[in-house]
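Below: a set of structures, written as C-alpha cells.
Two complexes are shown next, each including subunit A; its partner changes from subunit B in the first to subunit C in the second.
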Partner chain A sequence: MSTPVPARANAPERYYNYAYLDEQTKRMIRRSILKALAIPGYQVPFGSREMPVPYGWGTGGIQLTAAIIGPDDVYKCIDQGADDTTNAVSIRRFFANVADVATTEDTGEATIIQTRHRIPEKPLKEGQVLVYQVPQPEPLRGLEARETETRAMHAYEEYGLQYVSLYENVSAYGRIAATAGYPVMVEERYLMSPSPIPKFDNPKMAQNEAVMLFGAGREKRIYAVPPFTRVRSLDFEDYPFETQTWEETCALCGAKDSYLDEVILDDAGDKMFVCSDSHHCAERRASGHVGPMAGHTLDQDAALKEPAQ
Partner chain B sequence: MNAIPGRIAPAPLLSVEGLTKWYGHVLGCRDVAFDLRPGEVLGIVGESGSGKTTLLNCISGKLTPTSGEVRFDTRRFGLTDIYGLSEPDRRRMQREEWGFVHQNPRDGLRMRVSGGANVAEPLMNLGGRHYGNMRQATIDWLDRVELDTRRIDDKPRNFSGGMQQRIQVARNLIHGPRLVFMDEPTGGLDVSVQARLLDLLRELVRDLGLAVIIVTHDMAVARLMADRLMVMKGGEVVETGLTDQVLDDPQHPYTQLLVSSVLQI
Partner chain C sequence: MSVATLDLSRIAPAFADPVRESQAVFREVMECMARPGRITRFDRAPQAPNGLGKAAGAVALTLFDFETLVWLDPALAESEAEAWLRFHCGCPLTTDAQSAAFAIVTDMAKAPNLAAFNQGDAKYPDRSTTVILQIASLEGGPTVTLSGPGIQTTTDIAPQGLPQDFWTQIETNQAQFQFGVDVLLVAGDQLLALPRTTTAQIKGG
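Here is the complex of A and B:
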C-alpha cells in the first residue's frame, strides 16, 4: 500500500542536509522534543525556522516531522482526517521528496502521522508518532493576553481562569458548547490545548500508546504527551464532559461510531454524512460495509463531456 | 493606638513599617508606617502626585518597595511580610484574602466575558467547579449590588460606568476577602451615581466587617467611608488621625489647605 521512493543517484550528498532542515536545527528541535516529553503538557520554546509554506499551514508540524523522520519511516499526512486534501498531499509529497521516505494512507502501516484537526479512528500503536500542527498552543490566550501572566499561571498551576470560558459556554448555550481545541489537563499538572481537534477525539489522547508531539511554528512552541499519560478534559461537576454524537451514520460505509462530516449535495438541501477519516472509511468499505448512499459510481467521462456541448 | 482599659485591642490585620519606594532618584513614598485592624476603613488622601497610588500598589503586592515591610495576617502563615512569601504563595494569598477595586472598571474586569462570568471568576480561581452553585452565588451578589439579575449574561461594555463599577465591587467581594483595596472607586462617576455607589459600599463594608484601604482625592468620599485618614504630601504622610478629627480640626498646614479647598455649593 505504501509508495516507496526510488533510489536516487546522488544519495550520499542528499544526506548532508537530510529532510530539509540543517543538522543544527534538527538537533535543537530534538532537544526541545525531549524536554517536552519529560514534562508532559509543558510548552517548550524553540527557535522556529522559516519554512517553505506560510504560517498556519503546518510549519510547526513540518519542523517536528523533519527533526524525527528517518529513511526507514513510513509517513502519513492528514488534514481534517482526509489523506487527499491539498495541504495533506503537498506536505506528504514534500517529505517524500526531501526525506526519501515511503508514504502511505494506511494508519496502521505509518510510523509518523502528521495531522491537523483529527486523530485517526484506528487506535494508534506503540512505535507510532502522531505530530500535530498547532495554531495557538496557549489555551489561556483568549482570556489572558499577557504572556508573562499565562506563564506564571502555568508555573503555579492557577487554572481557574480556563473555567471562565466553560462558564460562558454554559450560560450562553446551556451546555459546554466548545467543540474544537477543548482544553485538557495532562497528568493533572499542565493545562494543554490539544490543537483544534474536535472534542470527539479528546478521549483518544488519554493512555494512548503512541507518542504525541505538538508543534506551533508561528508561536515557537513544542509540547508533547508521552505514551500512557493521563489526559482529562475539563468540565463542571454538574456539566460533565461529553463528545459529539450523530443520529446519522456514514453514507458510504455505514459507520455509527466515527466522526462525521456533513456534505451539502445540492441547492435543494440534500446532504450526506461521511466519515472525516478517509482511510478508515475506505478500509470499512473494502471489508464489505455498505452505507445508505454507497454504490454510486461517478461517470467521469460523462461529467467531462457535458460542458463541451 | 490608644488602648481602652479593660479591652484588648485586636491584633493588626495589616502592619506597614518604614515603607519607602524610589523610582530611580524620584521619590514615590517615604517611610510610611501604620497598622490596620480587622473591620477598619483607612482613607489615604492627598493631591495628585503625592504618592497615594504608589503606596497602595506597594501595600497590595503589585509593586515591590525599595525598603520597608508589609506584614499581613494571612490565614495560612499568620502575620508575615508579603514580600517574604514565595510568588505562588503571595498570589494565592492575594486571590483568597484580598480584593482590589480599580478606578477604571476596564482595569478590573475582563471586558470580553460576561458580567456574570466576571463576578464568578474568583470562585473558579479558588477551585469552584460546580456551575449551578456559582451561578446562584453570582445572582445573589448582583442582587446585592442592586443590579438587574436578568442582565447577568451581558458583556461589561453594555453596562453604564456606574453599573460596571458595581460589577467590579461584586467581583471583589464574592469570595469573602478580609481586606479590600480601593483606588478612587468613585472616580469617573457623576455625583448622583457616585452617591449611590458610596452608600452601597458603606453598607457592604459595615455588613461584612471588611477592612478597607481606600485611596481618594475627594474629601467627601473620605468623610463618608473612612474611619481613619492618612494625609500624604510629596510622598510623605503629614498627618494621621480619626477622619472627623482630621477634617474638622486639621493640624498640618497642608491639611488645612486641603480641607479649605473643598468647593462649597
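Here is the complex of A and C:
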C-alpha cells in the first residue's frame, strides 16, 4: 500500500521549486542523464549542487531523483535494503514534501527506487527506475589517485592495472577478496563501480529490465546502465566470479536465497541472520513463510537481569 | 524576422506549466534513450512555429537553455521558430556544427552528415552533439532492425523520409564508439531515440 500524497504545509505558496532543485539545474542533470544512458558505464561530469543533507548522505541520488521525479511517481527509498532506517525515512519524507509524491515500501509498486548499497531482491521491471547513491564513482581510484590519469585509462580502455590488483588479491588471499563495490565491465567497454552493493547483487545488474542511474554528489558524476545491457563482474578463468552464500536462513522468514545481515543479539555472542531487504522479508512473512526465530519477542526483563554468578 | 526586433506578439506560447510538463517530457525522452526504437508521443505539447513539430519543440523546451549551443537548420534561420527557441529557451545559436550541443535538422534534403557534428572527446565522449532529425513519419518506411543496449533481443522500426545513406551513417557512428552523436528521430508529435550504441540492420539488406 502506498502512502497517499500528504497535504503541503505551505500550500498554496511554496518557498522552493518543485522537487527542490531549480529548473536550470534539473535541465543540466537531465542532459547528463541522457548522455550517461547513451554511453553505458561512462561517468558524466555534472554541476552537483549543495543539498540540504551532507555529502555522503545520498546527495547524488537525491539530485538524480529530483531531476526525474513527477507527481505521478511512487517513490521508495532503501538504505542497505531497509525501508525503515533513518537515512531512508528522511529522504522519503523529503520527496513526499518537496515533490508531492506518493511513497511506498513495496518494491513492486514503486516507479522510482532510490537505493543505498542494495538492489532489491524482487526482480525489477520496465517502467521502474533504480537510482543508486554512489560515494566513489571511480573504480580505479584506489589504484590511481589522479583524475586526469583515470580519465585517460577509461578513454583508452587501459584496465590492466585493475586486473593486476585482482591478481594480487588471488596471490595474497587465494581468491578475489572484494565483497562490495566489486568492479564490473559494462558492454565490454567501460569499467564501472557498481556502487558499494554487495557482490551478491552484481548479477542482477546484467540484463535488468529497469533503468539504472548512478549519482555521486560529492564527486560530481552521473553514470547509467540502460535496461538489457551486458554487465560482467571481473574475474579470471581459473578464479571465476562467485557471490556470497550463507549456511543460515533468514531467522524471520526462512529465506535461503536472499542477502542476509548478521545481527548480534547479546554479550554472549548469540546472533541471528535476517534478510537485508526489509520489504522482501515482510512480504514473505505475510505470505506465511516462517523462520526459526519468527514470533520471538525480546525478553527485556531477562536481558536486564544481573548475569548469573 | 530578425532577432534584434523581436515581436513578442508573434511568439507562440510554450508549456503552460513548464515545471510539470518538462518533467513529463524528460521522463519519456529518458525512457526512449534507455530503450532505443521505443516510440513516444507528445500530443499535449505546444505547437512550435514554422513546421517545427511538437516533439522537436517539446525536447527543445525541456533540454535547451543558456548553457547549450544549438545548431539550427539553415532552413529555419531568421524564422519565427528561431525567435521562439531564443525567447523560450534562451539558447545561443551557432552555425558551427562542431561546437553544437544540440542540432535540429528539418530539411532532410540538405541534412549534414552525422560526422559533421561534434563526435565528443576521447576522455569526454558526453560532449558530442545530440542531433534531432525531423522526418516525415516514424512509421510506414522501410523496416530496420535495431539491437544493442536497451533492447532485449531486437526491435523493428520503419521511419520514413530519411536520407539515402542514413543507415550507413548510423553504422559508421556506432562503429566508432565511444565517439559518436546521439540521434533523436522526431516526426510531428512522435519521437524515438538512436543512441550511439544502437546497431541498425536494414531488413533484407
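By our rule, the second predicted complex is superposed on the first by the 285 of 309 C-alpha atoms of A that agree within 3 Å, B and C clash if a C-alpha of one lies under 4 Å from a C-alpha of the other, contacts with A are read in each partner's own complex, and residues count from 1 in each chain.
Please note the rule applied: contacts are C-beta pairs under 8 Å (C-beta built on N, C-alpha and C of every residue); 3 or more make two chains touch, one makes a residue touch a chain.
Computed from a prediction, not measured in an experiment: that's the story for all the values here.
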Legend entry - subunit C versus subunit B, contacts on subunit A by residue: C
Inset, instruction - Using the touch definition from the top, say if A:E187 reaches subunit B (first), subunit C (second), both or neither. - result: second
Inset, instruction - Classify the contacts of A:G160 with the two partner chains as first (subunit B alone), second (subunit C alone), both, or neither. - result: first
Inset, instruction - Once the structures are superposed on A, label A:S171 by its partner contacts, choosing first (subunit B), second (subunit C), both or neither. - result: first
Inset, instruction - Classify the contacts of A:I39 with the two partner chains as first (subunit B alone), second (subunit C alone), both, or neither. - result: second
Inset, instruction - Tell me which partner A:N17 touches in the superposition: subunit B (first), subunit C (second), both or neither. - result: second
Inset, instruction - Look at A:A152 in the shared chain and tell me whether it touches subunit B only, subunit C only, both, or neither; answer first, second, both or neither. - result: both
Inset, instruction - Report for A:C77: first if it touches subunit B alone, second if subunit C alone, otherwise both or neither. - result: neither
Inset, instruction - Could you give the residue numbers on subunit A that contact subunit B in one complex and subunit C in the other? - result: 152, 155-156
Legend entry - Sites on subunit B touched by subunit A in the complex: 87-88, 91-92, 95, 110, 112-114, 116-117, 120-121, 124-132, 134-135, 152-153
Inset, instruction - Report the residues of subunit C in contact with subunit A in the complex, numbered from low to high. - result: 18-20, 22-24, 26-27, 29-31, 33-35, 62-65, 67-68, 101, 122-126, 130, 149-152, 177-178, 182, 195-197
Legend entry - Complex contacts: residues of subunit A adjacent to subunit B: 142-143, 152, 155-156, 158, 160-161, 163-168, 170-172, 236-239
Legend entry - Complex contact set, residues of subunit A against subunit C: 17-19, 23-24, 26-28, 30-40, 42, 44-45, 67-71, 126, 151-152, 154-156, 187, 189-190, 207, 211, 224, 226-230
